[in-house]
Amino acid sequence: MIKVGIVGGTGYTGVELLRLLAQHPQVKLMAITSRKETGMPVAEMYPSLRGRVDLAFTDPASAPLAECDLVFFATPHGVAMAQAPELLAAGVKIIDLAADFRLKDTAEFERWYKMPHSCPHILAEAVYGLPEVNRDAIRKARVIGLPGCYPTSVQLGWLPVLDPKAVAAAGGDLVERTTLIADCKSGVSGAGRKAEVHTLLAEASDNFKAYGVTGHRHAPEIAQGLGAIAGKPVSLQFTPHLVPMIRGIHATLYARLTPAGARVDFQKLYEERFAGEPFVDVMPAGSTPETRSVRASNMVRIAVHRPAGSDLLIVLVVEDNLVKGASGQGVQVMNLMFGLPEDMGLTQLPVLP
Amino acid sequence: MIKVGIVGGTGYTGVELLRLLAQHPQVKLMAITSRKETGMPVAEMYPSLRGRVDLAFTDPASAPLAECDLVFFATPHGVAMAQAPELLAAGVKIIDLAADFRLKDTAEFERWYKMPHSCPHILAEAVYGLPEVNRDAIRKARVIGLPGCYPTSVQLGWLPVLDPKAVAAAGGDLVERTTLIADCKSGVSGAGRKAEVHTLLAEASDNFKAYGVTGHRHAPEIAQGLGAIAGKPVSLQFTPHLVPMIRGIHATLYARLTPAGARVDFQKLYEERFAGEPFVDVMPAGSTPETRSVRASNMVRIAVHRPAGSDLLIVLVVEDNLVKGASGQGVQVMNLMFGLPEDMGLTQLPVLP
Amino acid sequence: MIKVGIVGGTGYTGVELLRLLAQHPQVKLMAITSRKETGMPVAEMYPSLRGRVDLAFTDPASAPLAECDLVFFATPHGVAMAQAPELLAAGVKIIDLAADFRLKDTAEFERWYKMPHSCPHILAEAVYGLPEVNRDAIRKARVIGLPGCYPTSVQLGWLPVLDPKAVAAAGGDLVERTTLIADCKSGVSGAGRKAEVHTLLAEASDNFKAYGVTGHRHAPEIAQGLGAIAGKPVSLQFTPHLVPMIRGIHATLYARLTPAGARVDFQKLYEERFAGEPFVDVMPAGSTPETRSVRASNMVRIAVHRPAGSDLLIVLVVEDNLVKGASGQGVQVMNLMFGLPEDMGLTQLPVLP
Amino acid sequence: MIKVGIVGGTGYTGVELLRLLAQHPQVKLMAITSRKETGMPVAEMYPSLRGRVDLAFTDPASAPLAECDLVFFATPHGVAMAQAPELLAAGVKIIDLAADFRLKDTAEFERWYKMPHSCPHILAEAVYGLPEVNRDAIRKARVIGLPGCYPTSVQLGWLPVLDPKAVAAAGGDLVERTTLIADCKSGVSGAGRKAEVHTLLAEASDNFKAYGVTGHRHAPEIAQGLGAIAGKPVSLQFTPHLVPMIRGIHATLYARLTPAGARVDFQKLYEERFAGEPFVDVMPAGSTPETRSVRASNMVRIAVHRPAGSDLLIVLVVEDNLVKGASGQGVQVMNLMFGLPEDMGLTQLPVLP
């Protein structure tokens, strides 16, 4: 049994980790911390866990985190990097669901998150936790920066076309790497469980809007990830929108094909690239995936479109932002780090309707 | 033109007042106050008002309230009673959308609102602003305590059966006055525009729950109002529930018929009692009114049911909690107080779908 | 492995059965039929099942139902009773999710379902599939009439107070058996996956209404069930409402206490009655259960309230109408019929948020 | 008073026309037809109109349409063109809310709508009813093809950049006319009031999906409209998505700037182009308009973005698909055709929240 601790368990990624870990056959939950809710039984805040999670929130200072094999940080940005050195020294592995170990360039980190990075040496060692790209590195990692919810969907959507093998096979770039557009839509749980006016039901339901059009923290993360995949600089326009639903991200991706790209069979390319991936489903040609088809599951579904008379490649990607976009991906990464079957504890079917 | 001020305009009853008053042909908006948002143009917070409301929020201290003919208080409980004496002295009339002038018994007020009542003499003078019950008194009033959203629907629903004329005609009470049950359901805008976790879309949508089962502030207000209508004590069980929608209240009312009541034609009774009422619509026998049939309008729709083989009278009432349940009723009351046609500025049709 | 067939798998109870049975370790899905969709892969209609359910819909006539150990009917009323005799003769057990084997009185059945009952002898043998009441009989049954969604929540809510043991202990009825009120609220999936105007999102969202106020098919089923529990006639007012959400039922139950009942500790009574029940959770005193706390799970949560100064007992019950209210209960019953652990395949945690 | 008839009034554009026309001071409603609902009072189908619309649906054959000054067709495609010749001969003007008079190329019409065009000569005369583009022609028109909901938002969004005057002032095209992308999102009322499975609340809520990615009927209409504005061919990718809300369209428009375009002050260009337009609101730089800010009103709100370090122009447009996207635009056009103030009957403020 892996001994697991969770720091900061009162938010949505925290409760989703609890839901998944409580059903995982090889995990023993050791502690879940919350400064504000110290002493409150977890099941009192989340009655869905009654009878299945007996822990109470404990104070971060007194939690037995150093006795864990693995600690998840489901905290605001900045918390994981403050505690990482001590835990690593104690032999504890770390998966951070926030942004502390995502951006490799500390200047970029500081620009977007408005705080200095306190441990660049650990950042240098940290592995970006996207299994479809970094599976082997994840297996050996001590520290994981787990991808953001939007970045997971966008990177998986463009992974096959930017893959150097595919580029080599086509004799050159398949798409223009500098005019990519990711028009993304997310359910409101992506904003977390913070009391804010703009995500009240009376504000956000029966409503639709864009936000962060000219700058969102996930944009540099996506560009870094796509650049790492391609081995060359990639730039994109990332436009997030808020959808009146609880869970789900839908990424609508637009890329201009190069002449080399125009000759490629993208359906085949995607199916081959993701063959064997336990959590990526390339749908039949012509499909339009729905977010509910992955609700509460770790699956990503992708459809590829080539509109007639156009040089566009359109890729549609759906994920559950709290599962594959956060906590589920964390469990998948944990399984890799501890040598377990990659899908252990993650085989629940999506809930539809 | 009536010169109108609004104290506390950033909440839902405030913006709804603005929507209605900006379309009222006899109102000149003088000021809208907000301590927190002083200086912000109203249309910046509420883009729906762009080009139609040019005011900015002003500091309560410097707003020209004493120059108004009428001031609405769309504030937390306690604010209106603090400012009422000075405004009344300046000849300004007052409509309070909060609870300061609802409960006639100051001990009850203090019990439910956890603050002493600062001006019992004004409370004694204040008129409860339910036009269907108190129309004449409202016309002459200087201070109005506007009914709460739930109390409006419940009182209108039972008004005909408790009316002393109907009781006299039947030769006794029509229903048991001490076993009434009001099972009520409200959209989340009833909780106001406060940043709170439990009304976030991710918490409240795709969800349904009761709250305040054993005690809600509206219960004593309803009992007082029904008692005033009947001229005798009335007691009831009031159970509110939260519906995942923005606007709307649905009251499901249960009463046990007395033998005298069992002989009454309730469809006829309701139609006659509300004949001529501009904002109460008694639907045909067998109807089940929908909240959307009154969305964004000042109408209340009522249906009366007598299940076969039972001694129950079931009354269904729908209203828009922000209009007839708050701001629209305020405008209706204002029209009465200033001798205008009662429906002036309130004739917009419900928005369906 | 139990060989299972599903007749009529295109509706919501059908797809929910598939979701649950595909995750059940002791079930082999043999066939799923649909007259209209014969030949279509199940996963094409329900992409949530891609990669996990490989069956295609087969024509009812050619499906290998007689080779199954158990056949579920997720069909319109009338289908199960037509096919039951042949299947039973072949040694196949039957669980009907429709109403064919619920009402013991064929006259009542014919009155509410507008069709004659074709096999009263099988009806006489059929067991009503509510494990908390009929566990032993279910274990030995060949034919199950599975309770409706509303009836499950209402019967479980009143089970402890009507239980003859509790009545004997109190020295008489705890509540008035003829003035019960069940004010119930359901998500729209309860109406099934039929194309109808009134359950379109543009009609049913941001809306709330009652329906069937003076007569609903579940009313006689509830009265029969409560009567069977009590061993005496029970009558009630059942008022269903439509909530703008996908899943979930919330029952708000009102009962008048007798003098004997007024002395009972109901919190204790409920906790003791349901102690050991795997799928009934009696919440702490003062709780108001939310439907989302059981979303996508087989749990029922119950809270008991005794408002001060009143002779009312108020019971709040939440369930997922598609799980404990239909398909999950079907799997629970199947486990009992085949000697498996009662919660096998039903331990998924609720999905919150 | 203008005598107005409506053919096909049972759908959402029909009831929205009724809502607006019943509040219009210069309109007398003569008849509303429905083959299926002949004889049913309009207010029985739409209780929101009780007491305000006294008409019953009449059979199309017997309705006094020839006595009207104007007939709206809120019908399926093909109905208006069948009846237009006779009505025009009787001196009745026509506004078609369907597609019969939108596409000028009959081959295109037949390709997308799968029926021959029965009166090309009337089509040749018909004016495309977008006031911001064709105001003068509309004033003199006998037949109007009213724009679709998506096309209204997309054309208004790109009108200023394609305007020949702006192009001349900049010395050349401002944007690449052949790589435009319109990523659009619509509430489900856009699909009409047809009983269909995919728009049921249980299917479409808590869900998001694209549809018609490689071909939608509105794509040729938009291309035709933009081409007419520009006076040159324009081509675009149009990707519609379904949002779980009732009303509202959000268009996210992407265009690549030319070197000439890169020097333009787009905020100023948009503000100047739409100055004086009663129903187009150019928001301050940096805004992200919300669909609810125009809910139930005829307003369109537009925001223009120029992300740093990119050659993209991003335009965000919101409208209410049933008002400015259909019935409200119809009333605006009617006002122009009959010499009334353009905003008569259309000044209701948006409903927020």
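General observations
In order of appearance the chains are A, B, C and D, and numbering begins at 1 in each one.
The rule we apply is simple: a contact is a pair of C-beta atoms (placed from the backbone, for glycine too) under 8 Å apart; a residue touches a chain by one contact, two chains touch by 3 or more.
Predicted, not measured: the structure shown is a model, and the values here were computed from it.
Between A-C and A-B, more contacting C-beta pairs join the chains of A-C. Set against the C-alpha centre of subunit A, every other chain centre is closer than that of B.
Each chain gets one centre point, the mean of its Cα atoms, and the points for subunit A and subunit D are 39 Å apart.
Each chain gets a centre from the mean of its Cα atoms; for subunit A and subunit C, those two points are 37 Å apart. Subunit A and subunit B have CA centres that are 46 Å apart. For subunit D, the set of residues touching two or more other chains reads 12, 187, 189, 193, 202-203, 205-206, 244-247, 289-290, 292, 295, 353. Across the complex, subunit D meets subunit A through its residues 179, 181, 183, 185, 187, 202-203, 205-211, 213-215, 235, 237, 239, 241, 243-248, 250, 252, 254, 256, 286, 288-292, 295, 305-308, 310, 312, 314, 316, 318, 353. Residues of subunit B touching subunit D in their complex: 12, 15, 19, 22-23, 46-52, 189, 193, 205-206, 246-247, 281, 283, 287, 289-290, 292-297, 301, 322, 347-353.
For subunit D in complex with subunit C, the residues that touch the partner chain are 12, 187-189, 191, 193-197, 199-206, 244-246.
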